[in-house]
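Structures incoming, each one as structure tokens.
Shared chain: chain A. Partners: chain B in the first complex, chain C in the second.
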Partner chain A sequence: MKQLLNTLYVMTQGAYLTLDHETVKVEVEGKTQLQVPLHHLGAIFTMGNVMMSPFLMHRCTENGKAVVFLNMNGQFLARVVGKTTGNVLLRQAQYVAASDANKAASIAKNIVAAKLQNSRQILLRGAREIENTGIEAGLRQAATSLSDALINLKKSGTIDETRGLEGISANAYFQVFDTMVKENRETFIMKSRNRRPPRDPMNALLSFIYTLLLNDCVSAAEGVGLDPQVGFLHAIRPGRPSLGLDLMEELRSILADRLALTLINLKQITEKDFEEREGGAVYLNEGGRKAVVVAYQKRKQDEFTHPLLEEKVPFGLIPHVQARLLARHLRGDMEEYIPVLYS
Partner chain B sequence: MWVIVTYDVTTETKEGRRRLRRVAQACKNFGQRVQKSVFECSVDQAQFETLRRNLLKEIDVKEDSLRFYRLQEPRDAHVEEHGVNRTVFFDEPLII
Partner chain C sequence: MTNKTYNEDDLIQLSSVEHYSYCPRQCALIHVEQTFDENLYTLRGRAVHETVDIESSHMLEGVRYERSLPIWSKRLNLVGKADMVEFHGNVPYPVEYKSGRHRIGHHESLQLCAQALCLEEMLGVKVEKGAIFWHASRERKEVVFTEDMRKQVEEVAVATHRMIAERYLPPPVNDKRCRDCSLKESCLPEVIHNKTRHHSITKKLFVVE
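Let's turn to the complex of A and B:
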């Protein structure tokens, strides 16, 4: 089993990262703030004005460590990509599967089924934990509409039907999502899911966590030698990491949504962690981003028993495990792609 | 696993000072300095072998002393820290 390697996040503006023998050195204003042996790291994320020496970039690409540049808001800007490696036969199998409507639809269907099931679990958990009977009823109703969609999904054949069911279910889910908020309810009210730019704190928080998760999913796809741009559920579009998005679908609710609720309900994130920009866009500020990243990294270390492997896996490794299962299916070693189900 | 590396390198000669620098660097590649010539390293078996080989290459067995201690896990139950120089945990969130 792959080891869950740590990610170094550098958010201090003006920091400079260099390679010092086998370590990464982070300097701020000429002073060494941290020195980490490279063997502990799987990825380096930088946000905003952070510099990195070419030698460090060289070493990271040689050793397959992801280097990702995000802007101050945590939006993805660039990834340092090394040589095209991995198994070309696997990628070819991926392309063939993507252009085979039946095969693509079956993978997409399994992904959406897991997404619905996992979202349902989050709603039911929310319903169990809430005391207000009106809200509880709303959550249970939304959960029921997701299970109805699951039944319809079984009957659906084409990928468009699958996408349609996913869209309807996502609406039902986000309509009741903010009723699971117990603290600072007036701040975290959410009319609907919106992005680019997010228009309220809840959307800003979700978008930020999704960015972190998406980068992990893209790295996972690349790690097993899959092309992160060629997806099944998400249509292929230039510049879009469709497979990364596919891998993320089943994990959104359990890794990102639940984390957002926990952060709010434990008051680790409050209204002072956000700032509004001109034009109505809302983003996390520096303190908010740090709090979220810490919580996300901690969450990745929590373990859960993978239903298929029947062994304990840290949450942070699930994207890798799932990418490997997908690769197995694409190579023909496994009848179906089996997504991860959370219970 | 957690390994404590400690060393004494004679610094009377220029050669010795060179060895000291190189030993310290070899340790830095695998862990962190917790005292002047004490390093804590969290490594797997293969990394430990590499670390040991690198260090043995650097020291002069007639002049210097090198010691490895394996920490009993869990580390936190067996390590007490006082004073300055707190340990950074490289497997906890690393955010700067």
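Let's turn to the complex of A and C:
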């Protein structure tokens, strides 16, 4: 299996990264803060005002290591890429599939099915772990509405129906999501899912983790030679990484939502990790972002048995494996795209 | 053997002959799908080739050594580089460098024979023999190019050329060849082969437990 290498996240403002022999050297105010061997790294993500030497960028592109610039909120700004390479036939097949209503609908349908299944598992697990019978009933009821959606999805054919069922299910899911919070409940109450901008700590936390996950999904798509902007479930829209969002759907609950709950319930994230801006937007502050990034990196190292590969795969590699399976489907090796089911 | 007109855009890499004779899908993954995954073996191979791939020419005790020599065949639509060609007088003697140890099988000999056919066409001399050098075991084996081998190279070159022109990707072989193949993760031989597993998982997607 491909090795999951570390991602180096640099968040210290004014830091300067250079290539020193075969290592990455991180300097802050002229002092070396960190030196990591390049072969330990799969990608370098920088947030905010972080600088990097051209030679380090050259080396990273030569070795296929992603170099990504994000703003302080983890939103994507730029990526250093080499010349266009890879499989032009795969990209062509992707474009053909995206404009073929039946093919696009079948991929989207499988992705949403896995999303519903994986979200259901989170809700049922939450119900098993809670002592309050009222909350337990609410979680089980939401799980049931997801299974109803799944039954309708099986019968549905068109992409519009699929998108509709996905929307209804997401509402049902987020209506009960914060009842799984056991600590600091007053801080993490969530009226609804909102994101532009997030207006409470729970939404801010989820948005930040989704951004990290999306960046990994986009990198995975690019890594296997797919165009990250051409999706199936998510319609093509200028500037939107639709395929990245597609790959992310099946993983949201298992990689991001579960992590958010763990961070809160273990009190690794509390009220002090957020800041509210004038008018009501809420964001993680620097300490909060650091805690999330560390926990996310750790989560990516955890392994689980991939049902199709029947071998242990670290969570961090799932986007890569799934992008690869999608590529194999698009090139005609596999009849269907098979998303990952978590149980 | 079809004698199509020579078109420089249609030339195929010499190395694809070895890839195709080893596994047509591996050949298609590299030359049609443009896949390249590194593994331990390819990294070792690169380390060996980094010292060999510098084009140079030198004489030593009456033998001229040409490293990384560009070679081609218009007849077979092949183009590539020979790691090393020794010239004993006018007679070229190709030497192929391999990073690993001596392996059973004749794919490497076929690749060497393809080089010989290129050199014959380019220089108008008969190339009877060459050698393979294995870097890890420091072994050198002489290969005599038989009629049979020459015929096989021609057949493989035609088949490879057709596959690449048609952009055809054959299904995975899923046998012991896959074990050490650097492209296993892109190819997914076992996963793709196992249709029963696909069906059982796809079915589970819509089952509520």
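The working rule: the second predicted complex is superposed on the first by the 343 of 343 C-alpha atoms of A that agree within 3 Å, B and C clash if a C-alpha of one lies under 4 Å from a C-alpha of the other, contacts with A are read in each partner's own complex, and residues count from 1 in each chain.
Heads up, the rule we're going with is that contacts are C-beta pairs under 8 Å (C-beta built on N, C-alpha and C of every residue); 3 or more make two chains touch, one makes a residue touch a chain.
Everything quoted here is computed from the prediction, not taken from an experiment.
Visitor: Would chain B and chain C fit next to each other on chain A once aligned, or clash?
Guide: fit
Visitor: In the overlay of the two complexes, what angle sits at the CA centre of chain A between those of chain B and chain C, given in steps of 10 degrees?
Guide: So the C-alpha centres give an angle of 60 degrees.
Visitor: Which partner does A:308 reach: the first (chain B), the second (chain C), both, or neither?
Guide: Only chain C; A:308 stays clear of chain B.
Visitor: Using the touch definition from the top, say if A:96 reaches chain B (first), chain C (second), both or neither.
Guide: It touches nothing on chain B or chain C.
Visitor: Can A:153 be said to touch chain B (first), chain C (second), both, or neither?
Guide: second
Visitor: Identify the partner contact of A:333: answer first if only chain B is touched, second if only chain C is, both if each is, neither if none is.
Guide: The answer is second: A:333 touches chain C but not chain B.
Visitor: So, A:110: does it touch chain B (first), chain C (second), both, or neither?
Guide: second
Visitor: Report for A:12: first if it touches chain B alone, second if chain C alone, otherwise both or neither.
Guide: So A:12 only meets chain B here.
Visitor: Of the two partner chains, chain B (first) and chain C (second), which one does A:81 touch, if any: first, second, both, or neither?
Guide: After superposition on chain A, A:81 lies in contact with neither partner.
Visitor: Go through the superposed model and pick first if A:189 touches only chain B, second if only chain C, both, or neither.
Guide: It touches nothing on chain B or chain C.
Visitor: Using only C-alpha atoms, work out how near chain B sits to chain C after the chain A superposition, in angstrom.
Guide: Superposed on chain A, the two chains' closest C-alpha atoms are separated by 5 Å.
Visitor: Going by the contact rule at the top, pick out the chain B residues touching chain A in the complex.
Guide: Residue positions touching the partner: 25, 28-32, 41-44, 47, 88, 90-96.
Visitor: Flag every residue of chain A that touches chain B in the complex, lowest number first.
Guide: These residues of chain A touch chain B: 3, 6-12, 15, 20-23, 26, 28, 33-37, 39-41, 290, 293-294, 297-298, 301.
Visitor: Along chain A, where are the residues that touch chain C in the complex?
Guide: 1-2, 85-90, 110, 113-114, 117, 147, 150-151, 153-154, 224-225, 307-310, 324-325, 328, 331-336, 338-339, 341
Visitor: So in the complex, which bits of chain C are touching chain A?
Guide: The touching residues are 32-35, 37, 167, 169, 171-172, 185-186, 188, 191-192, 195, 197-198, 201-202, 204-206, 208.
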